[in-house]
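First chain written, first letter: the chains are A, B, C and D, and each begins at residue 1.
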Amino acid sequence: MTKRFSLSSQPLDEHAITAVVSRHDAGGVVTFVGRVRDNARGHDVVALEYEAYPEMAEHVFEQIADEATSRFPIKHVAIHHRSGRLVVGEPSVIVAVSAAHRGAAFEACEYVIDQVKARAPIWKKEFTPDGAVWVDDRP
Amino acid sequence: MTKRFSLSSQPLDEHAITAVVSRHDAGGVVTFVGRVRDNARGHDVVALEYEAYPEMAEHVFEQIADEATSRFPIKHVAIHHRSGRLVVGEPSVIVAVSAAHRGAAFEACEYVIDQVKARAPIWKKEFTPDGAVWVDDRP
Amino acid sequence: MRVTVRFFASHREATGLSTYIADVPDGSSAAEVLGSLCGSFPKLKSASVRVAFAINRNHVNPATPLRDGDELALLPPMAGG
Amino acid sequence: MRVTVRFFASHREATGLSTYIADVPDGSSAAEVLGSLCGSFPKLKSASVRVAFAINRNHVNPATPLRDGDELALLPPMAGG
């Protein structure tokens, strides 16, 4: 059985993660899959390395899911994030939300991924043809 | 190669449909999967039967995707819908949208599924313990 | 002129047909063809209170005139998804 | 009192350490512990201009006091997703 919240060095299995939130009473599932892009802020990207504080990351995922479930009329939330080195095109994060009605699932899925980016203790080193740098996405 | 727009009597393959819109330059993919619910409007549902005007349905899917691509800064859209008889829990529709930035992908995916429900020539017969009825969802 | 009419879902059940070749006056609109069909298929009248039209696979409004050889689809309330 | 400090990403590289046991005055806040660490690890000062704190795996504000045995994590700007 796939976990609902996971930070893992293994490739993400989109189908298994969607299945975790799918129940017979849930009419719609909205999924967000983030993949490593081949460019960022105007330069080429060859690979990314994710570092995390794993014990805290899964705890924060669960807090974010609890918040989403109390804010929106949804059923289930799953959040899976990669750690380690990823090449271009590989999924780095998958969020899946199920709900009886689709509007809430869209809103909640966007809320969750926004919060994961803002609050989950995960860091990303970008490898470019010119070297490597820790990414600071905050404005 | 999976088609971008399809109305099919075969089970939907979520992974293949997501893959159709995933490109190295697309950072995020938002997917909506609609499944047959075990209840609707207060009564139990045993199965659904979808009937379509197939030649027109795929044409409408393509029109909706073109509209989404001109309204939102997204990359690719895929729309797959089932026809025939489906049991509870089976996916009836999958919409996948890729974009460099996730906000546009969420907006566009919701736009597409709303339009599919409003405009695609597809009908749904609901089988309940008391009989079967063609669904009229419009307010 | 002759047009091919397509029936779906509740309309198909009301008429017992999926496809029907209709002989109608030149320049008839989609709504006028429906009126003539309700004469031939009485059950269609109550089944088509809320109907939309497509000509040659494009949504059209009811006043749109048909041409010889067109395919007219009567669309009951759609319920995809 | 003793607290366990965790370093990640740019902080880990600046200090050369993932984990560090710090002896600090009783009741020190997260920000005060960081101040003391910058004395021991000069490179940490510039690397921690924008830092957040977690105590025992929960986000806290910089003024939060620590207790003996707590785990304090220094969090450089996060970039998950």
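Note that contacts are C-beta pairs under 8 Å (C-beta built on N, C-alpha and C of every residue); 3 or more make two chains touch, one makes a residue touch a chain.
Bear in mind that the values here come from a model prediction, so they are computed numbers and not experimental data.
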Chains contacting each of subunit B and subunit C, listed by label: none
Distance between the centres, which are taken as Cα means, of subunit D and subunit C, whole angstrom: 73
Cα-centroid distance, subunit B relative to subunit D, in whole angstrom: 48
Inter-centroid spacing, subunit B versus subunit A (mean Cα positions, whole Å): 23
Junction residues of subunit B, two or more chains touched: 34, 113
Interface hub residues of subunit D, defined as touching at least two other chains: none
Touching pairs - complete list by chain label: A-B, A-D, B-C
Touching residues on subunit A, where the partner in the complex is subunit B: 14-15, 18, 22, 24-35, 37-39, 88-89, 100, 102-103, 105-106, 109-110, 113
Footprint of subunit D on subunit A - complex, ascending: 34, 50-53, 55-57, 59-60, 81, 92-93, 113, 116-125, 134-138
Partner subunit B, residues of subunit C touching it in the complex: 6, 8-10, 12, 50, 54, 57-59, 73, 75-81
